[in-house]
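Have a look at this one.
Read from first to last, the chains carry the letters A, B and C; within each, the first residue is number 1.
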Amino acid sequence: MTKYIIRRLLQTIPVLIGVSILVFSLMHLIPGDPAQIIAGEGAPEKTVEQIRERLGLNDPIHKQYLNYMGGVVQGDLGNSVRSGRPVVDEIKTRFWVTLELATYATILAVFIGLMAGIISAVRHYTFTDTAIMIVALFGLSMPNFWLGLLLIDWFAVGGDWLPAWAKLRPSGWGDSWRQVILPVITLGTGGAAIIARMTRSSMLEVISQDYIRTARAKGLSDRVVTYRHALKNALIPVVTVVGLEFGGFLGGAVLTETIFAINGMGRLTVQAINTRDFPIVQGAVLVISVLFVFVNLIVDISYKLLNKRIDLG
Amino acid sequence: MAETILDVRDLRTSFYTDEGEVKAVDGVSFSVPKGKTIGIVGESGSGKSITSLSILRLLASNGKVVGGEVRFKGDNLLAYSEKKMRGLRGNKISMIFQEPMTSLNPVFTVGQQISETLIEHQGMSKKAAMAKSVDLLKLVGIPSPEKRVKQYPYELSGGMRQRVMIAIALACNPEILIADEPTTALDVTIQAQILGLIRDLQQRMGMSVVLITHDLGVVAETCDYVAVMYAGQVVEYSDVRTLFRKPRHPYTIGLLKSLPRPDADQEKLVPIHGTVPSPLHMPVGCRFNPRCPAATDLCREQLPDLFDDGEGNQVRCWIYNEQWPGEKEVDVFGEERIARR
Amino acid sequence: MTQQAAAAGSAKRYNPRLELYKGIWKRLRKNKSAVIGGGIVIFFILLAIFGPMLTGVDPNATDITNKNQPPSADHWFGTDNYGRDMFTRIIYGTKLTLIVGFLSVFIGGAVGVVFGIVSGYYGGWVDAVIMRIMDVLLAFPGILLALAIVSVLGGSLTNMIIAIGIFSVPAFARIVRGSALSVRKLEYIDAMKALGASDIRIIFKHILPNVTSPIIVQATLRIATAVLTASGLSFLGLGAQPPAPEWGAMLSAGRTYMHDAPHMVLIPGIMIVIVVLAFNIFGDGLRDALDPKMNK
């Protein structure tokens, strides 16, 4: 097991390096002269040269990368070309907003997804099962920003109902329940659908296993067989999906934050793309990806731990 | 014959699939005397496992018992409520399965899986149940049971796991143990050990055993009575000595002829030609008729009943009935049979 | 003689591959979701090809006097903020949506399959390098990779197709690699090699046929994802540019008028849902039909 963890840790090193190279290259993949594009068309040559100087674009490329990485390791992601402030400062507060949003969305998706999936599996091939699975298919096929727009339209009219809720949250985005609940629903729905489908198929597979027949032959009730013997086994593969969904939410936050005007990493990224503030784009993409890599690492290890008994069996 | 504890009469079980109704079990009758071992023998697909699952009503959701009776001490189990049935399973009637590797739940310890039955049926406390689990592991011959009780199935070998399954089955001193091919998945040496263990425990605890197997050798060694199954039906039922000395159904004769036997003055092995019919396309009349060397028009038209010889031995074959239209002496797989006794 | 003739006759008639396809087709026809999903997909393909001929209206013809009109007999899906006929725009948009879906998945699939086969078949350091690259691509969660790519290339329909294509590569590479790996380990492949079969021949004759089913299933489901991602990028203004009648872009444009003219948001959204749903259902059905093992 320790060997697996060490191997898995070592595996993430090349991935992290790869991610950093890719993010670094973003600036250089821009067709044409990045400095010119950042400065805008028709900008005086002096300004362009200044930008080029500031971003170190005159250095040979490997030196540029090493400089960039040197900074990253020390927590320096460069400076915004618009505000001139360090990228780290721009990102810092927004990072927690996105993390919080993604966490709530994960909790919602896991809660609803598990419930729906279990009910569906227990009542498989009944009307309830079909209904849940059809709803899940819709959840899976809906653009989340569209759902968000509809929610805003349906609920944004009328008074604030639960204003105090927002105060409890550390990052303090949004100041009414709608601004917390609606984005979380918007972001979490697709994930809930995926988890529901996954839970259902995993449960159905487990229910056909020999040890479930053994449990029934012991004279245990259906309840005990389902919730004690089947569920515990069925949840193991669901763990991986939860990790992937969390990552998906970090990425999906781009759209959710945009429509709800939440000042998180996603909205920051979109704004930076529109103002061609590439250091910010690079910083935001790098931070989210590195976080995702570590989430996956944790998920893989916990899956391995949970699955140990089955794997070796 | 001793008192009958389990009596299965004309059991019929069907599965409902996309291709239609599959009559997996279609007329199975046998009885289990108290304290004795009965073997149910047949090729794979003959319906012997489905028979055992039907007795405990553990069929998959697309399977249903459609007819017959299963009388346990006179009560028809098929009429029991699900709740009453649960009180019986693992308590009065226990079952062990073919695949010890996959029959234990991978996420619970051995001890948890044994004590669960005790807590359910005997209302024991967790602690008492765990202590009893250790005793049971000792009973089924597992060394250092105090350690094993805390282990997970993956830490045990196949033979060990089957012993654990037996411990679970015997936890509540059942009156009947149904063992569905308990040794098929195990090594030959382990097979003998497990069979020996079952026989030994049976004598000590005085329970009846229903042993399902495809292995006539195991039957000869272990059983008192035998029911031979073919294509979802019992074709012959008798005590084990009669079956091996004077097999009567052509299928049984064929089976024995196709086996190498060191005791008999056997010249060569005679195979049964043809294959087991598909349950979706059962032949009309006697199900064995397409493969039977003695088949007559009667056999091809009408399904024979299980005819009793008055001594408790039964056979599903026209040869032993007054209506038999053929010769008095019939040659079946090189064995000369006399039509009426 | 007669026996020989009969044997030759049956050999001619019995074609295992044909039998396999027949079996798949039979299961597919029986599978309700495959039939419904496939039917809707075909309907949209026909609509994309022949729809524009039928409407006879210019999707970009503006009519300021008639802007933001709700659905009516003249304008089945109403008009947008420039008074353009939404129904016509939706029909023209079908083509864009399907082009983005099919083309990006085709690009991603082609590259992914090549990577996967090379990786699985040759193994060793080639495999290690390719798979680490795939890991890197997968490290960008969800829409983020496509977003980053579009951000440097600039927002346009073509760039969006490229971005979504790259985003689809790892999924294909992983599936194909797994299958290629398991086929390569089979003994008959060693036998083929010993007999002097070339790598190319083994790959095309033995490995590719074995991975077709998972590729088809994956491609169908990936088209659904691609359409969703594309609508998101266009919504952010990073995909198809106005006045292209792309559904995501239409949604984005209608956003401002959502309260007074909800059809501008509702209709493109519903269209996206139907198309994505159709591909998802069809993909599920295909998976059941192509992989009978999973049915049980």
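The rule is simple: contacts are C-beta pairs under 8 Å (C-beta built on N, C-alpha and C of every residue); 3 or more make two chains touch, one makes a residue touch a chain.
This is a predicted model, so every value here is computed, not measured.
Engineer: Where's the contact count highest, between which chains?
Structural biologist: Contact tally peaks for the chain pair A-C.
Engineer: Taking each chain's centre as the mean of its CA atoms, which one is most distant from chain C?
Structural biologist: B
Engineer: Take the average of all CA coordinates in chain A, do the same for chain C, and state the distance between these two points in whole angstrom.
Structural biologist: 23
Engineer: With centres defined as the mean C-alpha position, give me the chain B-chain C separation in Å.
Structural biologist: The computed centroid separation for chain B versus chain C comes out at 53 Å.
Engineer: Can you work out the whole-Å distance between the CA centroids of chain A and chain B?
Structural biologist: 55
Engineer: Would you pick out the residues of chain A that each touch at least 2 other chains?
Structural biologist: Touching at least two other chains: 208.
Engineer: Can you tell me which residues of chain B touch two or more of the remaining chains?
Structural biologist: Correct list: empty.
Engineer: Can you name the residues of chain A that touch chain B in the complex?
Structural biologist: Contacts found on chain A: 208-211, 213-221, 229, 232-233, 308-313.
Engineer: Touching chain C in the complex: which residues of chain A?
Structural biologist: These residues of chain A touch chain C: 11, 14-15, 18-19, 22-23, 26-27, 29-31, 137-138, 140-146, 149-150, 152-153, 208, 247-252, 254-255, 258-259, 269-270, 273-274, 278, 281, 285, 288-289, 292-293, 296.
Engineer: Which stretch or stretches of chain B touch chain A in the complex?
Structural biologist: 56, 58, 60, 86-91, 94-95, 97, 99, 101-108, 116-117, 120-121, 152-154, 165, 168
Engineer: What residues of chain C sit close enough to touch chain A in their complex?
Structural biologist: 132-133, 135-136, 139-144, 147-148, 150-154, 224, 228, 231-232, 235-238, 248, 251, 255, 258-259, 262, 265-266, 269, 272-273, 276-277, 280-281, 296
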